[in-house]
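Shared chain: chain A. Partners: chain B in the first complex, chain C in the second.
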Partner chain A sequence: MRQNWWKFLGIAILIYTVIVGMSTPLKPGVLRIDSLSVGQGDNNASITHGETHKFRVKGYNTNFLDNDNRAWLKLDSIGSVKAKAVNVINDTEIDLTFDIPNHFPARDTFESLTLVLHNTEDGAAILPDAVFVKSDLTDIENNAEWKINPISNLTDKTGMQFPYRSVLHETIRNTFFHIPLWFSMFILLIVSLVYSVKYLRSGNLKHDIYASAMVNVAVLFGILGIITGSLWAKYTWGTFWTTDVKLNMSTVAMLIYVASLILRSSINDIDRRAKLSASYNIFAFAALIPLVFIIPRLTDSLHPGNGGNPALGGEDMENTLRMVFYPAIMGFTLLGLWMSSTLIRYELIKDKWMTRK
Partner chain B sequence: MYICIMNIVHIWAIIKKDIDIELRQKYAIGGTFLFAITSAYIIYKSFGELKAMEWNILVWIIVLYAGLNAIVKSFIQEKKETYLYYYSLFGPLEVIVAKLIYNYLFTIFLSFAVIGVFSVLLGNPIEDVGLFIKALFLGALGISSVFTFVSSVSGSSSSSSTMMSILALPLVLPSVLIMERTTAVAMRLINDSEIYEDLMILGGIDLLLIGMIILIFPGLWKE
Partner chain C sequence: MKKQNIIITVLSMFICSTTLSAESGAVDFLRSTGKIYSVIAVIVVVLIGIGYFLYKIDNKLTKLENQINNEQ
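Right after this comes the complex of A and B.
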C-alpha cells in the first residue's frame, strides 16, 4: 500500500482536474452584436458616421438585470463613445443606442470599433471588432467627440473563472485534456527510450518489457490526444480534420510507433524481438524530433505558439487555467505510469509462465 | 565492446561486392528501373500534361517506392552463413558504412534515372539546377539511410516487404517533405529566401539519422 501512494495521487489529481476544470464558470463575455436599425446580415457595411444606431447585444454568463450597465464603442487608442441609452431585456440580452460621431478620425475607409460592456456584478466584457463603420470624412485632427465620455471605472469579476475567448467559448476546458495527454505521451516515450537504451546495454529482458509497455500506453495517449484535438477542431476551426501541419505530423508520429508495435508482434524469438524493438524504438525517437519539433516550426500552423513562442507563456494562458493545467499534466503522467506498470506486471507473469513450461 | 576500426579497403570491398552482385543478377536492378519507367509511363498516359508541382511530387513518390523495393533486400539477399563469414571478416561499422554508401549511390542513380525518364516523357520544369541537385543529394541521403536501417531491422522477420514499408515510410516522411519543398523552390513554384536554412535542416536530419544508425547497428549485427 505504501509504495502505491503515487497511483492515488494521480487519480486524486485527475478527479480535481475534472471537477474544477468542468465546474468553474467562464467569465462573462459578448456572444454577438446585431444592428436593429439596419437589417440583419449586412448590418456592418451600412453603418456610416454621424448616425444614431441601435444594437442588440447577446451576452454569455452575464447578469444585465438590476445592474448599472454601461457600454462603449472604442476606437483604438483615440477614444471611445459611450452608449446614449441602455435598455435591458433580460439577463443575456441588452439594447444599446450609440450616436456614432460625425467627425471620424479614420485612417481607413472602414474602421473597426471594439465593444466594451461593464456592470458591477459581471465586470468588463469585451468584443473586439464588434462594429465596422464606414467613413468618407478623413478629418484626422478633429477627435473631440471621441473624448467626451472616456472608458472609466472598469472592474473585474471576483472569484475564480476561466477566461472567455470569442472562438473557444466553453471548449477552453479542453486545454486540461488535449494538451496534458500529449505532454504525458512524451514523458512516457522518453522513459521508454531510457529503458530501450538500458536493454541494449544490459540485455535484461525486463527492461524490454518496460519499454514496450510504455510505448503501448503512449500510443493510446497519442490516439486520445488526436481524438480530443479533432473534436476541439470541429468546434473551433469548423472541421474534424485540417491540413494543419502539427496535426498531420503527430499522426505520422503515431504511425511510427504503431509500426513498432507491429514489428514486435511479427517476431517470435524473444531475444531477437527485444533487440530489434529496442533498436527501432531509439531510432523512432530520433525521427520523432524533426517531426514534432522542427517541421511544425517551419510552416504556419493553426495551433497556438507556432511561428513564434511556445504557447504556455504570455497572453496565451491565464493563471486560472494554469491552476488546473499543470496538475492535469502530472495526473495524466501518473495515470500513464500506472497503466504501464499494470501492463508490465501482466507481461512479467506471462513471461514467467511461458519459461516455466 | 567492439573495437571499431574502419578500414577503407574493407568498406570498398563490400561496396564492390554489392555492385558485382547487382550487375550479375540483372533482374534486380533491371526490375527496379523497369518499375520506375512503367510508373512514369502510366503517369504520362493518364495525366497527359503534368503541372510542375505534380511532376515534383510524383518523381519523389516513384523514387521512394522504387528505392524501397530495391533496398529491402540489402540485408536479406544473401544466406545466413554468408553473413557469418562477413562477421568474421569485417567489423560492424565497416558493414553498415559500406551499405549506407552503396544504398546512397543507388538512390541517387535511381533518382537521376527517374528524373531522366520524366524529362523525356513529361518535360523538365527545373529552373535552379544547382539547388535541385543539392536538395536531391541531401534528401537521398536521408531516404537511403532510413531504408538501410529499416532493412537491417526487418531483414529476418517473416514478411519483410510489408514490414519494411510500414516501418520505413513514416520514418522518411520528414526528409521527403523538406526535400519536396526545396525542390519546389528550385522549380520556382514557391518563393523562399531562406531556403538554405531548409537545406541545413535536411542535412541536420541526415546527420541525426546516420549517427543513430552508427550507434545502434553494432548491437544488431552481433546476432
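Right after this comes the complex of A and C.
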C-alpha cells in the first residue's frame, strides 16, 4: 500500500481534472450577430454608415434578463458608438439598435467593428469583427461622433470560469485531455531513453525491458493523442485531418516508434534484440525532437504557439485553464507510469519463467 | 476475425454518420450546446485506449498463467 501512493495520486488528480475541467462554466460570450435591417445571411453583418441599424445578438451563457445591458460597437483605437436602444428578448437573445455615425474616420474603405456587450451580472463579452462597414468618407480627423459615449465601467464576472473563444466554445476543455497525453508521452519517452542508455552501458536486460515497456505506453498515448486531436480538429477546424505541419510530423514520429516496436518483436535473439532496440530508441528520440518541436515552430501551424513563441506562455493560456491543465499533465504521466510498470512486471515474470532452467 | 469485423463496422458507422450530417449542413449532435459532446467523445476515446491496454495485458497474463499452470 505504501509504495502504491503515486498510483492513487495519479487517479485522484485525473478525477480532479475531469470534475473541475467539465463542471467549470465558460465565460459569457457572443455566439453571433445578425442584422435585422439588412437581412440575415452572414454571421457578420455588412452595413453602410450614416444609417440606423438593428441587430439581433445571440449570447452564450449570458443572463440578459433583469440586468442592466449596455453595448458598444468599437472602431479600433479611434472610438466607439453606444447602442441607442437595447431590447432584451430572453436570457440569450437581445436586440441592439445603433446609429452608425455619418463620418467614418477610417483608413480603409472596409472597416470591421468589434461588439462589446456588458451587463451587471455577466461582465463584458466581446465579439471581434462583428460588423463590417463600407465607408467612402475616409476622414480621419472628423471623429467627434465616435467620442460621445466611450466604453466605460466594464467589469468581470466573479468566480472561476474558462475563457470563451469564438470557434472553440466548450472544446477548450480538450486542453485537459488532448495535450497532457502528448506531454506524458514525451516524459515516458525521456525515461525510456535514459533506460536505453543505461542498458547500453551495463548490458543489464532489466533496463531493456524498462525502456521497451515505456515506449509501448508512450506509443499508445501518442496514437490516442492523434485520434483525440483529429476529433478536436473536426469540430473546430472543420476536417479530421489538415495539412498542418504538426499533425504530419507527429504522425511521422509515431511511425518511427511503431517501427521500433515491430523491429523488436521480429528478432528472437534476446541480446541482439535488446542492443538493437536500445540504439534504435536513442536515434528515434533524436528524430522526435526536430519533428515535434523544431519543424512546427519554423513554419506556420494551426496549433497555438507555433511559428514562433511557445504555447504555454503569454496569452495562449489563461490562469484558470492552467489550474486544471498542469495537474492533468501530472495525472496522465502517473497513469502512464502505472501502465508501464504493470507491463514491466509482466515482462520480468515472463523473462524469469522463460530462462528458469 | 470476428472482433475485427465488429471494430470495422463500428468505425464505418461512425464515419458515415459524421460525413452524412456534415453534408446535410445540419447542426449535428456533437456540435450542439457549444460542442460539449466532442469533449465527451475525446474522453471516451482516451478511456477506450486505456481499456484496450488493460485488455491486452490481461490476455498476455492469462497466456503466461496457463503456461505456468500446465507445466507444474
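By definition in this document, the second predicted complex is superposed on the first by the 351 of 357 C-alpha atoms of A that agree within 3 Å, B and C clash if a C-alpha of one lies under 4 Å from a C-alpha of the other, contacts with A are read in each partner's own complex, and residues count from 1 in each chain.
As a convention for this text, contacts are C-beta pairs under 8 Å (C-beta built on N, C-alpha and C of every residue); 3 or more make two chains touch, one makes a residue touch a chain.
It should be emphasised that the depicted structure is a prediction, and the values quoted were computed from it without experimental measurement.
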{"item": "Chain B versus chain C as contact partner of A:227, first or second or both or neither", "value": "second"}
{"item": "Which superposed partner A:207 touches (first chain B, second chain C, both, neither)", "value": "neither"}
{"item": "First (chain B), second (chain C), both or neither touched by A:246", "value": "neither"}
{"item": "Partner chain(s) touched by A:217 [first = chain B, second = chain C, both, neither]", "value": "second"}
{"item": "Touched partner set for A:18, first chain B, second chain C, both or neither", "value": "second"}
{"item": "Chain A residues contacted in one complex by chain B, in the other by chain C", "value": "none"}
{"item": "Residues of chain A defined as touching chain C within the complex", "value": "18, 22, 26, 60, 168-171, 173-174, 177-178, 181, 217, 220-221, 223-224, 227-228, 231-232, 234-236, 335, 339, 342-343, 346, 349-350, 353"}
{"item": "In the complex, chain C residues that touch chain A", "value": "18, 30-31, 33-36, 38-39, 41-43, 45-46, 49-50, 52-53, 57, 60-61, 64, 67-68"}
{"item": "Chain A partner contacts - residues on chain B that touch it in the complex", "value": "146, 149, 153-154, 156-159, 163, 166-167, 169-171, 173-174, 177-178, 198, 201, 204-205, 208-209, 212-213, 215-216, 219-220, 223"}
{"item": "Interface residues, chain A side, partner chain B - complex", "value": "200, 252-253, 255-256, 259-260, 262-263, 266-267, 272, 275-276, 279-280, 282-284, 286-287, 289-291, 294-295, 298"}
